[in-house]
Amino acid sequence: MKTPVPDYLNHVLSQCNLNDSGALADYIPELANADPNKLALALSTVDGTVYTTGDDDVEFTIQSMSKPFAYALAIQHLGLEKVLQKVGVEPSGEAFNQISLDAKTKLPKNPMINSGAITTHSLIPHDDQISRAEHLRRFLSELAGRELSFDEQVYASELKTAFRNLSIGYMLRTVGVLDEDPVDVVNGYIRQCAIKVTVKDLANITSVLANGGIQAKTGKQLLDRGIVRQVLSVMMTCGMYDAAGDWLSTVGIPAKSGVAGGIIGVLPGQVGIAVFSPKLDEHGNSARGIQIFERLSNDMGLHLMEGTPSAQTIVQRRYSPQQDDSIVIYELVGALQFAEAEMLLRIVQEEPNGNNTIIFDLNNLSLMNDVGRRMLIEGIDRLIEDGHEVVVVDPDYLIEQELTDRGQVMTIYRHLDDFLSKLSGLTKSE
Amino acid sequence: MKTPVPDYLNHVLSQCNLNDSGALADYIPELANADPNKLALALSTVDGTVYTTGDDDVEFTIQSMSKPFAYALAIQHLGLEKVLQKVGVEPSGEAFNQISLDAKTKLPKNPMINSGAITTHSLIPHDDQISRAEHLRRFLSELAGRELSFDEQVYASELKTAFRNLSIGYMLRTVGVLDEDPVDVVNGYIRQCAIKVTVKDLANITSVLANGGIQAKTGKQLLDRGIVRQVLSVMMTCGMYDAAGDWLSTVGIPAKSGVAGGIIGVLPGQVGIAVFSPKLDEHGNSARGIQIFERLSNDMGLHLMEGTPSAQTIVQRRYSPQQDDSIVIYELVGALQFAEAEMLLRIVQEEPNGNNTIIFDLNNLSLMNDVGRRMLIEGIDRLIEDGHEVVVVDPDYLIEQELTDRGQVMTIYRHLDDFLSKLSGLTKSE
Amino acid sequence: MKTPVPDYLNHVLSQCNLNDSGALADYIPELANADPNKLALALSTVDGTVYTTGDDDVEFTIQSMSKPFAYALAIQHLGLEKVLQKVGVEPSGEAFNQISLDAKTKLPKNPMINSGAITTHSLIPHDDQISRAEHLRRFLSELAGRELSFDEQVYASELKTAFRNLSIGYMLRTVGVLDEDPVDVVNGYIRQCAIKVTVKDLANITSVLANGGIQAKTGKQLLDRGIVRQVLSVMMTCGMYDAAGDWLSTVGIPAKSGVAGGIIGVLPGQVGIAVFSPKLDEHGNSARGIQIFERLSNDMGLHLMEGTPSAQTIVQRRYSPQQDDSIVIYELVGALQFAEAEMLLRIVQEEPNGNNTIIFDLNNLSLMNDVGRRMLIEGIDRLIEDGHEVVVVDPDYLIEQELTDRGQVMTIYRHLDDFLSKLSGLTKSE
Amino acid sequence: MKTPVPDYLNHVLSQCNLNDSGALADYIPELANADPNKLALALSTVDGTVYTTGDDDVEFTIQSMSKPFAYALAIQHLGLEKVLQKVGVEPSGEAFNQISLDAKTKLPKNPMINSGAITTHSLIPHDDQISRAEHLRRFLSELAGRELSFDEQVYASELKTAFRNLSIGYMLRTVGVLDEDPVDVVNGYIRQCAIKVTVKDLANITSVLANGGIQAKTGKQLLDRGIVRQVLSVMMTCGMYDAAGDWLSTVGIPAKSGVAGGIIGVLPGQVGIAVFSPKLDEHGNSARGIQIFERLSNDMGLHLMEGTPSAQTIVQRRYSPQQDDSIVIYELVGALQFAEAEMLLRIVQEEPNGNNTIIFDLNNLSLMNDVGRRMLIEGIDRLIEDGHEVVVVDPDYLIEQELTDRGQVMTIYRHLDDFLSKLSGLTKSE
């Protein structure tokens, strides 16, 4: 059997292919030369699987889709607080006013409009050897899993007509948001926008965001969970033109488009999406790209507000081995976060007082966040106080302590069999 | 053992109790008489469990927290399209301009500001016997699981000082958004705001939103999934004053506050939250309430952008019974939505062609949405084409068809044992 | 000979009669019944002469043209300072936002938009016997020189559809600009708008404004000069829709229109203008009325920025009577304000020191303002210090003192002949 | 005697000298070095007399006071229509938004804000030899009556910190209002602002505006009357920060300030005013300068809405020479514009029909505009039709035709005596 997912994506693509609306970006001469018929779609899962269809090997410039990643890099470099002192997180109102700043703070309203993106670019680390744009290229290359390069022709072309961005740059210099030569920063920002990607690259990149900052294939935490949360939040409210409410209610996927025709979207914990089609609608977003997102959201139920009631599944099995009622094994499954921990502890509290042995088998846990860990340990503490012995089977070192917060001893095993064999050894020795 | 969740909530409450900022709402005389020290918190899970702490039996008026539910009722009554012809979904900008309308559409910008809420009230069904406010009271009573009542004193008090709402009502009449006497509509809206609730009621109510519209205790689908999605989307972008971006990035919980001191929040698929403390900050939100939400979001990792990577867990077990390799059982667990179905089909495609029997055991599925069902059936279709026989164990009637979309036969059993016993019978009879 | 002015006005009217654009006001049912073909023009001079042409005896409701006069009455009643605490003087921006208030002051932006006009109405004096609208009717009747009356049908008709004004009234009540029942104030304001006038009435009324508050025929100072200045200033910046800059540069006449089709204009010191034609353009101003104003401004050079270089004419004659060089008579003519006084003193300073007699003959002065008086007296003081005797011929009691500010004696005569006969008497007696 | 005007101006200056508020402009380094104590005032009349007091020989840069003159020069060069296609005439709203454009037209809102002024600079004529700034310097030199020069240090200093203007320039280039290199235009604009003037220069310059474009000393029409009207209109609504309504009602003098501490004002037909004091208030206007304007307006009755009821004085004398009742001489005085012509014709229409000789003696007329001329000739036409002979005494060639519009003969003399001597010759010859 072949999974029908590629066929489905193919089907979506062929339907949207009929959409002939929109026009090529004309304000950058080089972009106007793009082939308007190119069309590609890629979808990635949190475990790094990537499906692609259409012109999935065509490279195009990342343009404004670089903004979320420059923002991520700036936060990683300076910390969120310092970045917030330079760029806000609120929707910006009318597109035409992009040049203006927030009336109160005198800062760019968010990092997704050009004033905020130019400011964000200036916050990327750099030194004499490595420019900011180069820093971002390296970062995106790591996220994409291959070495990306710049489109020097698009870069040169944009430099010549960067009037709006220069206007913004000088305005930022006027109000002190920038304190260096704005021409340099704007040129760097334009170079950042000229990084070449395919939809497959973008799907790989967004897969990391969907997966809480972890690159599934390498297991590396490329971005802190908190940064991912911040970036996705800003994409949600400020990513797609200014109708944030409309985009959230109808599509419900944090997204960002680029003027070369790309759009990326991320549904945290679920999928990353990338589309490419050069013709733009009146908001400057890929016309077919928007349509594809709408189709995916509606057809696939991919929507931030759908929720995933995963809580029901935390306890896969509760059983006692070898007919020994004094031992109770809780085999946990899935992600242990607040909602699951709440459920687990609610179930465990049915456990009668006594001196039983309670075993938490973490072997099948896919994720345990800090809250889940703390709640589990608190529960263990209480069980020990009730007179139980508590054993944790923790092959992946999710629990990094051997004592509870009140100093009581949890016995940690790496494998359930280690405990069971010891147990049966004991039994045998009896 | 006792679950530590109540202790944790209690701890949060006692810490926020120290916060003495804010002031009682003064524009409604009756509200100024509230006890400023009252403080309560309730948290509900999607399975209907409710934790409460503090003054959890104190009744207060629902006020603006009625807005999302009036909106839900209006959509349920008229359909989303007709409601969107009267009220938008975009953030409204400055609070002081609440009286004004969207410059382009000449409609209220969203149902969470007063102009939109008064309009929304006018869209609730009503007849000679049952007013709109009464309709909403009945609806909220059903959601809360007990009979709610009106606070006649607060109602009478607000009627006397409803200048702003009357101004808004007449403005809506001027532009034709209302076409009846605005005084009647405004009075009805004020009555809607005077429904009395406790944090426990609110937790029960939000539990339904968190659970995709299903009331866990009764199993009733009180609201369509699409309506819940719409309501939560609007709460996210328009619910808490106008800093939607700030609220999303720092708290990340769709929420709505009321001027009597309540705030409700919903994290879809995870929890409902309700707090109550009458002293308000400068935005008119409960000062301690805001603090509690921030604590819960930060401490508990309750944030829309955290995601729950549930996909890893869809296949609980793949095994063959009775050493018979020609039979493969996929025991599914959790929710089968797009991401899980994708994973399932990806796993199943490893199944070699042949004439094996593939069994999908749905017994442990907590939820299967339409996409999950369609993808599963498409996969089954393809397995049958590959020569397999496919059996579905479906105790909860999740699959409502016996033929695939291409007309091939799936064998449906209610219990795995039914199949296995038949199988062993067959074996025996051989 | 007959003056050609009426023929000219007639000519203007007949040309604009061809203009068929615009539509009757439709939001007030009664106004929609007006005869769209009515057309009238009246022009008044500062000395009270009124030219009229067209349907000059047709009565129509004054509507918004009542606003400047309600404003004048409020200032006369409370003083400018108190009125400015309730209503500003700045242009209001977009028409659609009329309901909103100034973001900083939370006051209506000016008395010409409805929020400001309703507020202004509330500042008119009233008591149990005489309502505010009745007070204004009496005031306008005095300005018009005949007893005006209310159009009860229009009043009743507007009351039924006053949604926008009620919205504004309640908003004003909300923010505390009004502190009484807004329904009463709005009804009073609507009654104020229902005063019936003809273009001849309006020309008489504006003649008073053009003449610095003095009714030429009666010589009464019906409004203080400072109030007139304030009213005309506000008409200039806020009177005609929101394009104040366009109106000032192209027409240059402070003006106010009414929705029944009237427009009034005032060029201070020169003319009052009133037109009537019921069909309105998209801004709600009489379409033909606007055209007539443009014609009058362009053809007649009637523009605030034209200026009148009257200064050249202050000294009509300098002569010595009876061949007596020791006596110099300055025969003044026109208005003695700053510019003329400056010129006078500059001329007089050529007078050689000595013990001549200098006579200022004020017989032909049409106006002497406070500044002119003070400068003249200062000049006299200096002439006396130089050794001259100074005589003032002052038939109209323009100089109300006999001593200069430094206590020196000016000799005052009512008629030049009184001095000359005395002089010749002296001469004779010598 | 010495005219007290200088003493008065001196008195105003010494009182405002006590005002110590405000601060030096700090955004241009060179301006921050100015002597904050400098204070000067100059006042000019329409006949070219200039009074000065204080530091009247201190040169400072003209800065934004150059804007009205650049606007005048652009209109003179291209015509008003073409200029209006590039720059509007409406007040601009909040200062901070100066960078933005009119939302509808996408043009700078007016020529007094920087975006409009930079655009206006680009409309000044220029060629390879003479830059735009040099063109303006020459024009201002002619208006001032002496050769002005550039402050090269201020120019160089501003060039280094012209971030805001460069931002504006690039924005104008973006939207196509500029179509050349914005850096060149901005540099030119900065050079325009660096022209050095004294208050005496400015008083000479504004005297021309006050005098309808005519330089009194040379008699040259340096600017068309229509251009002066346009420039003063724009100064009135857009010249002094954004409170146009407040400035008009309290000061009532079209004005423009510069950041070096100068303010100019013009009351058409009356005076030009120039002040200089470097410390600025929060709006960027000279703090003492504002105070001086308020004093002059209030003390001197210098206010646009004061009006000058010059109409009363048009007929200085009506008499018959030599006891001959068949000859009637109308000796006219002052300015013959619409209001005066109306009065004249109203007086003349009392003349009984018959074959008298009517003489209009224009010898004392200070001004006759086109309307006045046309109305006079129309009246003459009618008098001739009534059977009169009409003679015009026109020493200044105000009437340039010998036939009326209907082809009837007016007899023109240059001196009344020519007619009278001829008459007496005739008489004698009898």
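Observations on the model:
A, B, C and D are the chain letters, set down in written order, and residue numbers restart from 1 in every chain.
Here, contacts are C-beta pairs under 8 Å (C-beta built on N, C-alpha and C of every residue); 3 or more make two chains touch, one makes a residue touch a chain.
Keep in mind the model is a prediction, meaning the values are calculated, not measured.
Taking each chain's centre as the mean of its C-alpha atoms, chain A lies 23 Å from chain B. Separating the CA-averaged centres of chain A and chain C is a span of 69 Å. In whole angstrom, the spacing between the mean C-alpha positions of chain A and chain D is 64.
Shown for chain C are the residues in touch with two or more other chains, of which there are none.
A ring topology is adopted by the chain contact network, closed into one cycle in which each chain touches exactly two others.
Looking at which chains touch one another, you get A-B, A-D, B-C, C-D.
Within the complex formed with chain A, the chain B residues making contact are 1-5, 8, 45-47, 49, 88-91, 93, 110, 210-212, 225, 228-230, 232-234, 236-238, 243-246, 248-249, 252, 254, 267-271, 299-313, 316, 333-335, 337-339, 342-343, 345-346, 348-349, 351, 353, 364, 366-367, 369-371, 375, 378-379, 382-383, 386. Those residues of chain D that touch chain A in the shared complex are 94, 96-97, 99-101, 103, 106, 163-164, 166-171, 173-174, 182.
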